[in-house]
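Okay, got some structures for you below.
Both of the next two complexes hold chain A, though its partner changes from chain B to chain C.
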Partner chain A sequence: MGLIGSYNLRSMIVRKGTAAMTAGGIAMVVAVFVMTLAIAQGFRATLVASGSPQNSIILRKGATAETVSGLLRSDVPLIETLPQVARGADNRPLASPELVVAIALPRQTDNQNANVPVRGVGPKAFQIRDAMTFVEGRQFAPGTREINVGRLAVGRFKGLGLGSDVKFGNATWTIVGIFTADDAAFESELWGDVDLMMPAFQRIGYQSMTVKLADASMFDSFKAAIESDPRLYLKPSREQDYYAEQSQAMTTVIRVFGTFVTLILSIGAVFGAMNTMYAAVAYRTREIGMLRALGFSRFRIVTAFLAESVALALVGGVLGCILALPVHGLSTGTTNFTSFSEVAFKFRITPALLAGGMLFSAVMGAVGGLLPAIRAARIPVARALREI
Partner chain B sequence: MKFIGLVLKGARRSKRRTLLTVMSVAIAVFLFASLRAVLDGFNAATEASSSTRIVTLRSTSLFFSMPTSHAEGIKSTPGVQDLTWANWFGGVYKDPQYFFAQFAIEPDSYLRMYPEIELTPEDRKAFLDDRTGCIVGDGLAKRYGFKVGDKITLQVGIPIYGTRDFDFNVRGLYKSGGAAVDNQSMFFHWKYADERSIQPGQVGWFVAQISNPDQATQVATAIDEKFANSPNETKTDTEKQFQATFVSMFGNLNLLLGSIALAVVITTLFVAGNTMAMSVRERTTEIAVMRTLGFPSSTIFLLIAGEGLMMAIVGGIIGVSLARLIVTPDLMQAGAFIPVFGVNNANAVMALLLSAGIGIFAGLIPATMASRLKIVDALRRVA
Partner chain C sequence: MALIELRDVTKTYKRDAIEIPVLDRVSIDVPEGEYLGLMGPSGSGKSTLLNLLAGIDRPTRGSIRVGDTETSSLSERALAGWRARNVGFIFQLYNLIPVLTAFENVELPLLLTNLSKTQRRDHVMTALGIVALSDREKHYPRQLSGGQEQRVAIARAIVTDPRLLLADEPTGDLDAKSAGEVLTLLQRLNKEYKKTIVMVTHDPHAAERATRVLHLEKGTLVEQTPAAVGG
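The block that comes next holds the complex of A and B.
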């Protein structure tokens, strides 16, 4: 640390009021930064968690989302029987033809109707997504009007408790189980038997099919097999890629917005830091003169004041991160515009995000402190010593 | 008022500091006004929605359509004067990233019921006469360089419309005469899409014109009762409610943008308050001399508080002017999401009031500090 280090640290403590205010300003900026990016992070994590590396989702060629895709009944056996598809204990292929539509349900928070995804699934669906576990109740029995609901959907929409009846598609469905899926998008959905949902929603085909591959490395040969079959106008994707792509647009919007707002806001905070550091330099002109007279080089003075400013900003950064932390895990929701239905997700603050916040605060401190530090180093020794 | 010269003098004492403070307030006010503009933009369509139009959807959700035969049932409901319908087309222009809204509308009645779609009589006639014609908003036209006479090709987005691309002739550019209709959309003949649909005769939503806005709820209930227990049950809402569900789709924007605005204000309070405190501390001797000369402590208080207020208001004016210049639909491409986008007068006034508030709060503590100075102590202190 040395003399000069402790000197700067101690003078920061002397000016604790000013230092606290400056750090406070930086803390707010960092808090906003971390919180907005936590939204993007959470949204992305939710969608990405929906995909498994061993799974493949098959959509119509050109379809960007399940809701605008279509898959014929006759396509199903052609895909199921491919050798790359894994098989369950009963030697039946682990493949689930699915139908996704949205129904309007009122939100708990504002009572406005939202588009809640309803997924009709095949009997193997729960085996294909291995992260799915039931927290309450049991899996729906195929061939009955029973449904399962994701945990996040239960909290977000009205009337989705265990045992309650939900009316849609001219029928009444009973909720017999509530599941979690590692915070994946499935937790915002209602799941039921696809063969009952199709007539209920007056559909004649499926929309997508998800299969578990015997091994993740088989994807390429699986893809080649489907694309070379002239009867199939379909495109398989790795499930992870598909969901990552789904999150792309929304995550980009939030990131751009968050960065734009925090950047502008940070200019204000940098001005604040600059003010503080200029004042610090002015107060201590004599001391700086003394240090220079003792033989400290200009460069040492610049680095010392820069370090002081960065340290001050880092204190703000830590404060900001602490301020932002309580939002971690809060659940909220937005519409996934590629599927036009609502996805519930949780704010997600990752260590990398916190590190980003700290780095951002350090940059603010360095930018704010640079000019005042240069000014400090330029003070002529003789004049500085004379000053009162 | 006579002390204004002194306040100015005080502000000029450290020009750099005053400038930095003014600029940080300006930035805060700019951000605040822009955030408000975004929020207002989202809510504009809801605010401007007509009270005499009600929207009928399938009760399941807007993903589902209903047969055209519903038109008769709705039209014959007492209180309904006029009726039109539309479908969401969801076509893809070149690439999914070039997104804009396309509506297949029943052209005659739709244009009649939405006077917000402003078209010249010639364009209107040209559009109505051309089965494959379309009209596009002037904002959208600007974004993609569409001109009257152009051909727009859309790939099918929703499988129900087959696989063949749709070609449209641009027959007119419309202006938006109210936030209920944005200028970022494309409208074309419902028949054109319907004749190629796998499942013809389907309507996404009906819009009914009602004679008395006070009866909206009764008429809506009457319509829904007509179709209750049919395979195509409906849900009818006011246009306002219909628009509000779209706004709420984005999530809790009010809370998100509100929290950011609050953080902006707090940050600025920290910065401005800090500066004022610093400048008071620096001027301790000066203030003591003024007190000795006979300035009452209340004047000192006003001088310091006035300085804070002045800096904040100057910053506020700069911030608002910047926001007015920059946050306009031309410069900020908010795309199809925010139809009306700009800092209106109410926003500007609010932002200015905010800056004044910041000035008052930031100056309060330093001004109190200054007015409470003990003359003897202050005179004795060295810088």
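The block that comes next holds the complex of A and C.
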């Protein structure tokens, strides 16, 4: 196949103009494909990063997300005192009862209000999530109206700088620290003392509780302990499983939408490739006739022209991947369906995604090249040789 | 037994609903080692006859045998394989691939064999040597004269060492000098290398080189004794 391959390849180079247009069309589609999937990938990575293998999140039985869950104040000591819960240097349990409420703040970009999650947390919350670090300021002091803000939220919303005051829940809160959390969803949130937030938002209970276990392997016995206590109507989950599940609905929507858009676009690109290949076949009819006269089979002609089309598409695929690469790491945000608040995340292009883009371009080349290749193979030899 | 045996070969083309008769009950025997010239006015069916011999077209009726093979009854696939092994075809317009070098053009038919790269190289260089173009192996067709292009095409036709060479007006596009060289080459292939050749031509000088000349007129054969028998 070597020489025949280079024959098709060199013939393609002769028609650089149309070849470049076709490759360009395919490049566009592959770029869109890679970019939309990079959104899904980034979104999922952000939520999954929010979970740690040693942590467990406890919700009311039947609740699928924090927003629809509830915990009684009296539940907290029953859980905290379980032997599986890790303890800090002060011998107090690493457990944080929490409350999440969405407030509206104006976005930096368009000044439009969007929902931002405010999370009331216990004093150990920062110790429980080990990826949390302060880039500016310090942790809020328990019992005060001090709050901390995630760095991604600072970038996306107005008035969240260090030292600023933010009004919500009939009170004014002062920002005393800005934190990062390894791109986790927490970076899009505002954190303050849960015991002050509860009355501010007129709540009478918590929504969830997150605990650090003494060891990740203790989850099963921890779960059994909670489920066997008749006073608790709660369900503990591994934190990572919980957040992976939270991302499911959104990533599915992005993937379905992305696939739909790229499919529509790819129809155009496939027709482009088909057009180019029909032109190539018409232009080289006499050469094809000659090859057949020499004894090249129809099958060989089909594969040669298919290979040409696929090669052309792969050039487009590489181009498309290169076009898409610069969005890697760019931040964007979207409303998570399960929490109805904005989650900031970064586009994430993985090697597997690029491989998917290349495969997609090859498929477009094959689909676009198939009919022209079959036509090339079906031209009657005697008639092809008469072509001028 | 003759190498080629055509029996009552009839060919009609259908254009719309009308049948166009091109060949009408042609029977020819070509003995092994013959250099047969086919002459006749334009449109008399010479190319059609040659294509039938080459197995790139099929007779409407009648039978064609080459060696022990009844080519008129082979499947499309089998016929392609048979062509690759048994026939070297030389075209009026050379039909070299412009993006391939002389070497690569000659190598094309060898891609259908099991030969290794080095064996292919040997065969190609031998063929280019016979047509006296060894020094042009790296040239592209556009860097060659018409006569040289046709000699590359002849090298391509002989590189698999087929017993049968078919040439359709091989000098039709050449000046007298180049045509003379090509004709001398074909004559040598017939004499020295024992190739059976069937050559279509409308040039009486070309036909002179053949050992026998047949005339086609409106699809039927008119055998004439050649005025001058070459060689």
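One rule holds in what follows: the second predicted complex is superposed on the first by the 385 of 388 C-alpha atoms of A that agree within 3 Å, B and C clash if a C-alpha of one lies under 4 Å from a C-alpha of the other, contacts with A are read in each partner's own complex, and residues count from 1 in each chain.
As a convention for this text, a residue touches a chain if its C-beta (ideal position, glycine included) is under 8 Å from a C-beta of that chain, and two chains touch if they have at least 3 such contacts.
Everything numeric in this text was worked out from a predicted model, so none of it was measured.
Asks: If we overlay the two complexes on their shared chain A, which of chain B and chain C does A:382 touch? Say first, second, both or neither.
Replies: After superposing on A, A:382 lies in contact with chain C but is clear of chain B.
Asks: Taking the superposition on A as described, I'd like to know which of chain B and chain C A:328 touches: first, second, both or neither.
Replies: Neither chain B nor chain C is touched by A:328.
Asks: Looking at the overlay, what does A:296 touch: chain B (first), chain C (second), both, or neither?
Replies: A:296 contacts chain C only, not chain B.
Asks: Based on the superposed arrangement, let me know which partner A:14 touches: chain B (first), chain C (second), both, or neither?
Replies: In the superposed model, A:14 contacts chain C only, not chain B.
Asks: Based on the superposed arrangement, let me know which partner A:203 touches: chain B (first), chain C (second), both, or neither?
Replies: Neither partner.
Asks: After superposition on the shared chain, which partner residues are touched by A:287: those of chain B (first), chain C (second), both, or neither?
Replies: second
Asks: Counting only touches as set out at the top, which of chain B and chain C does A:102 meet: first, second, both, neither?
Replies: first
Asks: Between chain B and chain C, which one contacts more residues of chain A in the superposed model?
Replies: Here the partner covering more residues of chain A is B.
Asks: With the two complexes superposed on chain A, say which partner A:87 touches: chain B (first), chain C (second), both, or neither.
Replies: neither
Asks: Please work out whether A:67 is in contact with chain B alone, chain C alone, both, or neither, and reply first, second, both or neither.
Replies: In the superposition, A:67 touches chain B alone.
Asks: Provide the residue numbers of chain B that touch chain A in the complex, in ascending order.
Replies: Touching chain A: residues 16-17, 20-21, 23-25, 27-28, 30-31, 35, 57, 59-64, 90, 96-97, 155, 157-159, 231, 233, 235, 244-245, 248-252, 256, 259-260, 263-264, 266-268, 270-271, 273-275, 277-278, 282, 382-383 of chain B.
Asks: Can you list the chain A residues touching chain C in their complex?
Replies: Residue positions touching the partner: 2-4, 6-7, 10-11, 13-14, 286-287, 289-298, 380-382, 385.
Asks: Please give the residue numbers of chain C that touch chain A in the complex, ascending.
Replies: That would be residues 48, 51, 54, 56-57, 76-77, 80-85, 87, 89, 91, 93, 95, 97-100, 104, 107-109, 111-112, 156 of chain C.
Asks: Where on chain A is chain B touching in the complex?
Replies: On the chain A side, the touching residues are 17-18, 21-22, 24-25, 28-29, 31-32, 35-36, 39, 60, 62-64, 67-70, 101-104, 107, 109-110, 112-115, 168-170, 201-202, 249, 261, 264-265, 267-269, 271-272, 274-276, 278-279, 282-283, 332-335, 340, 342, 388.
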